[in-house]
Amino acid sequence: MNIHEYQAKEILRQHGIPVPPGEIARTPEEAERLAREYGGMTVVKAQVHAGGRGKAGGVKLAADPAAARDAAANILGMEIKGLTVDRVLVTPAVEIRSEAYVGIVLDRASQRPVFMVSAEGGVDIEEVAVTNPDAITRFAVDPRYGLLPHQSMGLAFALYDDIELARQASRIISALYDAYVAAGATLAEVNPMIVDDTGVVLAIDAKMNIDDNALFRMPEIEAMRDTEAEDPAEKKAREAGLSYIQLDGDVGCCVNGAGLAMATMDLVKYYGGSPANFLDIGGSSNPDKVVAALEIITADSNVKAILFNIFGGITRCDDVANGIVEATKRIDIALPITIRLTGTNEREAIEILQANGFTAMTDMDEVVKRGVALAAGAAGGGA
Amino acid sequence: MSILIDSSTRLLVQGITGRDGSFHTRQMMEYGTDVVAGVTPGKGGQTFEGSVPIFDTVAQAADRTGANASVIYVPARFAADAIFEAADAGIALIVCITEGVPVGDMTRVLPFVAERGVRLLGPNCPGAITPGVCKVGILPGQIVAPGNIGVVSRSGTLTYEVVYQLTRAGLGQSTCVGIGGDPLIGTDFVDCLRAFEADDDTVAVALMGEIGGTDEQVAAEFVRDHMTKPVVGYIAGRTAPPGRRMGHAGAIISGSEGTAGEKMKAFEECGIGVAERPADFVELIQERI
Amino acid sequence: MNIHEYQAKEILRQHGIPVPPGEIARTPEEAERLAREYGGMTVVKAQVHAGGRGKAGGVKLAADPAAARDAAANILGMEIKGLTVDRVLVTPAVEIRSEAYVGIVLDRASQRPVFMVSAEGGVDIEEVAVTNPDAITRFAVDPRYGLLPHQSMGLAFALYDDIELARQASRIISALYDAYVAAGATLAEVNPMIVDDTGVVLAIDAKMNIDDNALFRMPEIEAMRDTEAEDPAEKKAREAGLSYIQLDGDVGCCVNGAGLAMATMDLVKYYGGSPANFLDIGGSSNPDKVVAALEIITADSNVKAILFNIFGGITRCDDVANGIVEATKRIDIALPITIRLTGTNEREAIEILQANGFTAMTDMDEVVKRGVALAAGAAGGGA
Amino acid sequence: MSILIDSSTRLLVQGITGRDGSFHTRQMMEYGTDVVAGVTPGKGGQTFEGSVPIFDTVAQAADRTGANASVIYVPARFAADAIFEAADAGIALIVCITEGVPVGDMTRVLPFVAERGVRLLGPNCPGAITPGVCKVGILPGQIVAPGNIGVVSRSGTLTYEVVYQLTRAGLGQSTCVGIGGDPLIGTDFVDCLRAFEADDDTVAVALMGEIGGTDEQVAAEFVRDHMTKPVVGYIAGRTAPPGRRMGHAGAIISGSEGTAGEKMKAFEECGIGVAERPADFVELIQERI
């Protein structure tokens, strides 16, 4: 789960990391009021789950409250990478003497959280990793011992020669590790971490990704989920216990299992079609899930045909068949549906479908070919 | 004859009285797996299906029954502790079926099992099956057939699909292993490839990877450097958009890393036959054995 | 450092362990007032750094406030193992269905904290360890991982077959480990942990020893130090940075280094004498320490002779010599003093001592023989 | 020729600019120890005594100077981290002089150094000296003499006493090692006895133990089972009362465990010569070599 900059900063504050004050405005007037409260220059920053906000014009410096209002008016409603900005963070501007990057990310290769720090901050670290890899210092934390004091100090010395700055940075790095662990994060990043004109080290931008699987331990972080920013179809899928990602093709896919779902999408492409989505109904056999899946797929106006690919194991084919029958009774589906079912209770499933006017097949390649053809309008509907 | 599990596997089931645990334990018993014990805290002293003794702790179960493998069906929030418990009790093979285990938990579990020389399969995996001999996990017994193709996969139902096609084409399997779709797992492709290379009854390996991470690339290099047996590979997710998690927690393209393209390129460069479709496995394997 | 039962219970409470209420009374009237507040039966317990309080009559059941007053009057002022009771804990009596023992102690052999639990609680665990060792279940915690949930559950199942009781005990065991680590303890013990008549598991007696070296991290635990209960001479030694333990002999020993100090005491015994104390002036050369050491030794009326055994390394012999001279000027020492100095600046030291009327030798056996003889009155004083 | 330290020891000093660190570094340099680097965070780039470069971190110091041993003089609250840092930097021998390190810290330090195969001496120890060659720690150089008696002790000044007497009697030392008086230490009697047994230039060993724990009993069994060279031992604290900490954090009789009596009995039963007094060492060793 992604959280916004202002939410990540709140978590960092709770772990003792020095972060300038800041509050959220949803209207230009709120932004103006906040800028007046802070006094002096402020920064107005789009809060949206997308990188490259600065380049997209989503971050603006404001000299006075009126400028902050104008900046907010400009940014609110803006689209950044397809997402609409509905809130901005207003925060006092800080004199920046130098910028550094501090991040920690779960590393699959070492199976540990890995720190990356660089004295080249404020820029895209993935770009630095490509153009100037030596500018990045890496360190894999042993979770059995946690981040030891000399290790955070060693990372801090990679950023600053000055002992006072290094000590401040070391405290921030240690606290960032604590925040990463406590929040169940898979990424926590301060970019940039700056030195201000008084020699204080501060986190002025922050990003965190949270492991969805860890959220049950932290209802206060689950509560940070920005359901407004979420795609409505994906939100509905999440609530129904489905895994769904919308794409821009026209063949709606409904599959059990993530690997088979990807393979089905790939096969749609292989046969000249274009998948409209990734959709995994999971291992359960609950007909309600099938109903929800069909509702989500049919809500996508790009979809021209619906393709089921079910390999019964835990999932019972007859349950899926019942779900399809049930769904077509509950909602009016005008689109052609083509169905492949194999495995547990395959025979019963086919009988149920045939009794309700559906045809079903047992071969994956055949069903995908047919689904592509249906979407292309070359064949009649299956229902 | 097989890898990981065989006729000497004495299986213990953690979470045997739960909904999934009891269902799959029956399936495993029907398949012929030697299920020697179950564990559910508070139900020690009872029996499962009238024959399998239930214990409060894994230590008691291992002590009394000589179990040497464990399969875990407990809820995600208790899964890491279940693995710790099995490893603490000296269980040599731990298969964690549970999906949704926090990766932070796994960063502590993995060194723990490594220190004890314990083999962990999963989490979030379908387990393993040695056709006609032993089934540990949830792989459906009816689609496999004894034979000499090793199967290893990050996926569940995609594995069924491929195994089903292999079986229909007369290509039986030595062992089928699902290593799981999470970013941090105990047993990886290389572990399985090494075991298949050493297994006398395996003549070729079918490998199903997917987008995310670099395990397939590492596996390809292992095949190039250490394997004499032919390997055919497939990568799911070539139509997946970057930055989105495709169901499996591990199936996500980060930046330019983990794409299907680079993985298939690594396969090709390392002498692995590349299946464009699941259906290609049969022909590609037949050509090589 | 030892802390009292009521202090240990406060730490356990902070870690969420269920402990019955209880407060301290320093007078019978306070005890009566507390017993009235609680209502019903109470227990009045001596708070003193000694085991075997029960056997010594330091724990009494009181049926009503008047009985609590009488019990407190009886216990306050009582001597238990040489220590005077100056406070009692008043706590409501609890119906006990069963008693267990739960303890964790630093184990030198495994270099880990080791849990010991036994269903035979309420008795001396060291006795159980001898008479019925199989009744004790042991488990060494790996500090890299902490106490894992299944491990505390396994210990709990060693105490209770019932799952509800085991779950309660498991929570207490986990919390006890947390308390042990957080307090920098070397021992933490709940004895007995009981099941009351409503099926609730409770800690009704508790004991903790704290690692002196860890106290700098926990000023709130350092503040629990009962300086009233401390031997005044040992308190003074601690404050002066000396290590001192009073014994009942007559040869006062002043040595640098703990091993040499013990060896000196042993040699006093070997030559037929009896050491009055263990005293290590440590590695420093501060003359003030020597003054404090002499003040402490001379305050012990049993001492008949004073023996210095100094092996100069970091400690400079001339500093010790100056300290002796300084001390004999500041305080009037009527006792004979015999001195051995060897090592760093030995020659300068002997000159200083001779110039001030002391004699000094360089052989350990010689000085001890002389010290024993002086205490026995067989020889004249050294000063 | 010696154990632990010799002419190839390239020493790094952690806390070189502190009061104790600077004093003892000068002493070690005067004795001829090859002090190659110092570490004090924030003083990187300076030099000590005009010749020893100072670094901010041990990693930098080890990298630039090839230091293979480190001695620690930092305050107790930083000592555990100093050990972690030296072990992380790949230093093979770490000698921690600092007294007062919390035992809780040591329960984490000890597995950390063990995992890395690092030898830790101490904490709360005087260090080691190979007479005429190398001194690491605070043992006074003027009382030792080159020779072939190995000395190992839990104490500081008691070691000086015995070494002083050995030297006066013409019994020089191969290496003198103080393992420290804390309950949890890195190198124990057995580690040193094993090294002395393997050291060609050691012909006999003098061992000074004290009350508390069971290290001396374990050492006695090691001598009985694995040593061919004669060992003479002494136990300090036979007049110590039970339950009281005799200065050293480790010198405490718990219940009936750790008494001088049981330790001396173990010595006797395992063929170790028992010194009643420090002065007995000379004669008992002379009888045995």
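We call the chains A, B, C and D, going by the order they appear; numbering starts again at 1 in every chain.
In this text, a residue touches a chain if its C-beta (ideal position, glycine included) is under 8 Å from a C-beta of that chain, and two chains touch if they have at least 3 such contacts.
Source: prediction; values computed, not measured.
Chain geometry summary: the mean Cα position of chain C and that of chain D are 28 Å apart. For the pair chain A and chain D, the distance between mean C-alpha positions equals 55 Å.
Residues of chain D in contact with at least two other chains: 108.
Touching two or more other chains at once are residues 144-145 of chain A. Taken as a contact graph, with one node per protein chain and an edge wherever two chains touch, the assembly fits none of the named shapes, being neither a line, a ring, a star nor a complete graph. Of all possible chain pairings, those that touch are A-B, A-C, A-D, B-C, C-D. Interface residues of chain C facing chain D in the complex, by the touch rule stated above, are 106, 108-109, 111-113, 126, 142-144, 181, 184, 186, 211-214, 216-217, 243, 245, 247, 255-263, 265-270, 275, 278, 280, 283, 311-315, 342-344, 364-365. In the complex of the two chains, the chain C residues touching chain A come out as 144-145. Chain B meets chain A in the complex at residues 76-77, 100-104, 106-108, 110-111, 126, 138-140, 142-143, 153-161, 164, 181, 183-184, 208, 210-211, 213-215, 234, 236-241, 244, 246-251, 255, 260, 276-279. By the touch rule above, chain C contacts chain B in their complex via residues 145, 148-151, 153-154, 157, 161, 163, 166. Chain D makes touch with chain A in their complex at residues 41-42, 44, 56-59, 78, 81-82, 84-85, 88, 108, 112.
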